[in-house]
């Protein structure tokens, strides 16, 4: 049964015959909490092999199947990765809840050398057909928008179309919202992040992944999120996980982002997959517990024990 | 019953089976006055969060639902905002008269650093399907044209198509006409504004939102509007509201724009929404009274009391 | 009855079931003379409001309806203006013979600052549907080609398609042929103009509007047109009217362009519309008399009296 | 009856139901010789009016109908010119064998100022429909590829599609292959020309028109063609005619290109049309005799006598 | 009968009714080994005529039919070349297993002068129709992705679509993965190559052709491949053959790449075709023996004897 209060999260461009499907995708992906634990696995393009091989990273992380193993064994909301990677492992990981990341770019060209353009790879229609023909549990699509550069207009257009087409098919749409380029002085400025979150709301996104806001000393105070989470309206704000830090700090910050900053979830990659399988699964479970099961930091840490 | 004299505002590209619908959209949106009070709510992209959070702005303005609450409670012609934002709140605000703003860009890149391109996000067909499937009261579409830069050609093409497609479906088309770029020395030059208004007429727009013309001392004399309102022909000229000023000055200028300058309405955002809900509603009502109900400034100020 | 000799002007890409319509459009638009008097009214975009308001221009010219009033009352071949402007006045000016100008750009960016691109606004199919649904007397389409710049390829392609699509629907196609850009030293060079006219022939145009050729002293000798009118083959060369000059000089030059230079008509805007209505109508009638009625300059001047 | 050995020239992407038509086009256009005499008449765009008017050029060459008169009266393989020009004269020249040149650019912008882009004007489908509705004898399409510049990718794509679509409809495809731009030091380098011919083969062209290779002293030795004619495989190499030279030299070079260099024809414009009609026809006949009738230079010169 | 364990290589976007066809293409092209011996014949565009004519290259290599003769007589997995070249020889080489290389660019513009863009020439749908109408044994498609430049976004999009469309039709997809441009300091860096291989996996490719990784002294140690072959997951890594070297070194490196580096094949052109036909066939057979028949270097060398 769909909770009545989730209707607040049902966009008006979901047609009547897709309402039930959309609400089920929302309910299941948020574990009934309205909050999304997004396991981010798109870095093999975004960061090439940097996040998967090197000092402090276990060898098994280099095999892309590591991500699928975690996604299968852990509690997660959705596993976000590229269409092609899902196509290569999907037959053996049918029950993983997927979110197809529709664009990606490499990190070879620095942001200050050229304004980034991460173009849409495939159409939402392709994803829908893939979902239907493969029987995979694909619940939504994702797309990164870089605001502030010469390609902003192309990416805003692609984002708007993707969100609307996803809703037309009863699927969730998550946007990664990152201001970039020579006129962006501080990506962690709370006011700028609130602006980016507001753009996601105007694009109709269900969730928007943003940078963590910092104060003037560079500290991630959870209160600073409030401007963004309010500005985003009914679009849920997800904080990005960032590079790997210690578990307790990670989980405490996550808890504060949700309960003080009013974020509606998180998008975490490296803090999960840069561990051996069992540890990675536990870390994902702990993150899920805080995000979707209203667990305290202490309770979550017990999962890791 | 449709007033006979509104047929002057019925463009020839509205097909016979959509004439009644177009004229009803026109009649209702202008309150039978032929003038449009457009409540502008597209700034969450255009200005990021600057207009919604900061000194002198009430906290409630940061929540995008504030715009919808005003639009529901106040007398307005149309509420202009992005498709995605309408999709997120539309189910709870079914009776608001909407105008879907089809393009938007952020303010991260200054106009003098790069010629602006605000690309169309969605097709008019998408809006029509959305209107029909959602039952929302969507009456028209809007689009900003930046004249004078390297993307002028793309925006003129998109504008011409949007206006014609809107008319083909019996909907209104409003263009925001802004000359920009290194060759535009003075955006408030009455002759330049008249040129922009004339371009809107050649694009077939029903209404064109323009800058307020200034004299050589930078004063907004209403007589200066006459060149533009004449040059626009049957396309109604809307003056933009601009940044927030005191109520009496605002309403007096509006009255003079209409009765001396022959504008056919206004597009106002910040002067309405940067107030607590009840005040915002009253201000919108006062603007509507001057615009569509032929009220005097004095009568309008009584609404605010 | 269609004159047999007009079959020379019937392009082979007019399909059999559209031949009669094309020949009627040609016959009517040239008054049976094979020559076209084109009343040019696209300057509200091309020159913004410069041609319509200012010293020496009557106030009534600022209202776009002035153009329609002239087009209705005067003898003209076709009135060339943008789709949108026709849509705004067409219901009241049903009998005017229209030619839809499919592209336009403003004059804000100087030609030496950036190579011009005037992109097609609407499809020929849109014009055909508009003609059929509105019942307006639309006889053809027009398009400006700027040769010599970085967008030449886009404009040649659009022009070729427009001409062919117009013919496919039995409509006339007129091209404005203007070499521009840093490598064009003299726009009035007779050899360059002949080249531009030849390009129009290769694009299949029915008529090509070109600059008036000058001799080395900058004088518009009519003999200099002969290279272009021969190079254009079966494509009729129209000389542009240019800025307003005295009536007798204008009519004499027009007469010589036709009878010495072998032009097949003219495209005139400012020399007609920058006058009060009655004068404008007489001037158009005089131009028509020389162009299509084989009248002498003296006879034409009597019309103005 | 189709000669069996022409099946070597039947590309595999000609579908079974178009094989007969393709082979007939090939047989007829090569006069049964497998070699193509292409009468090039696309210079009215490529060179503007330079090739048609000026010192040493007869007046009648300025009229585009001159080209059609030659094409009608002379023995030629195909007359290659733009769609639009064919459309203007086709009704009076129904029996001319046409090859529609699908792209062209002017010579206003020097190659060293900007990398050239000569975009496709019309689709192969348009040509097929035109052929079928007009009854004209259109046997193929042509397209120029400029290798080496920033638009190479667009032109390779257009060329590949044009060749395949032509074959799909049983028509011939001829490519003009010209390396250009700042990294091309010597357009007459035999190795570079061989490379360009090989690209044409990879694009599937039936014939490729290339520059004449020179030795280090700038002499056009026919042996130097062998690298290109071998590299081109089953794609026939056509040498371009270039600017007008004396008849005997022209015919001797042509004979050597074929019999020593193994070219499979030629593409000649100025050396034919820059003459009075009767002379032009004789010159075309002489070129045809050498190319397709295996005549000696002496025999061909007798035609001119 | 299809081996059960090949189902690991069956991507989930192959629809049920194409599974058998895909697995047969995979089985046949890998000779049942899961490894691909790709005979690369796309250099006539990529390197113009450099690889086919010059010192040390036999004359017969200049004729493109040389490639087809080798492909017919030797044991190979697939022969990869452009659509057009296949169309010119396909009727005489019906049994060759083809892989259509869908993009190519020339080497005229150096990589450091301009970021490369090798655009898709034809659609996968065109290949499918060609395969079906011609009866040729076309088993897959190929595409080169240049990472790191200003066109990366276009090429990632084209690659993603090509892979998915190939799978939708039961065909193999091979990607050439080459980081290029000013920010790529060392194309042979093992970590960079691993990144490129991972991108291919995210694009869903069946095989990815990459550069050979070097150690800091520029030596191609096979161990260095392991990062890439792991990072590529279920996408098989093919090492490129590069310029011609002696047979024993070539075969030993190939053997080590497979058995130490865990590559899943190779893409070799020059080391095969730059030999007289019989030698070329033997060399291809020897490469096939190591790649697909688990032969030792010694056994392979005996083939050459």
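Going in written order, the chains are labelled A, B, C, D and E, and every chain counts its residues from 1.
As a convention for this text, a residue touches a chain if its C-beta (ideal position, glycine included) is under 8 Å from a C-beta of that chain, and two chains touch if they have at least 3 such contacts.
Values in this document were obtained by computation on a predicted structure and should not be read as measured data.
Q: Moving only from a chain to one it touches, give the least number of moves from subunit C to subunit E.
A: The distance in steps between these two chains is 2.
Q: State, to the nearest whole Å, the distance from the C-alpha centre of subunit A to the C-alpha centre of subunit E.
A: 35
Q: Using CA atom averages as chain centres, what separation in Å is found between subunit B and subunit D?
A: Computed value for the inter-centroid distance: 57 Å.
Q: Scan subunit B for residues touching two or more other chains and write them down.
A: Nothing qualifies.
Q: Which word fits the touch map of the chains here: line, ring, star, complete or other?
A: ring
Q: For a quick check of the interface rule, what order do the chains take around the ring, beginning at subunit C and passing next to subunit D?
A: From subunit C, continuing first to subunit D, the chains appear as C, D, E, A, B.
Q: Residues of subunit E touching subunit D in their complex?
A: Within the complex, subunit E contacts subunit D at residues 42, 44-45, 48-50, 52-54, 59, 62-65, 81-92, 104-106, 108-110, 113-114, 117-122, 126, 130, 133-134, 136.
Q: What residues of subunit D sit close enough to touch subunit E in their complex?
A: That would be residues 7-8, 10-13, 15-16, 147-150, 152-154, 156-157, 160-161, 163-164, 167, 179, 181, 183-184, 191-192, 194-196, 198-199, 201-205, 227, 230-231, 233-235 of subunit D.
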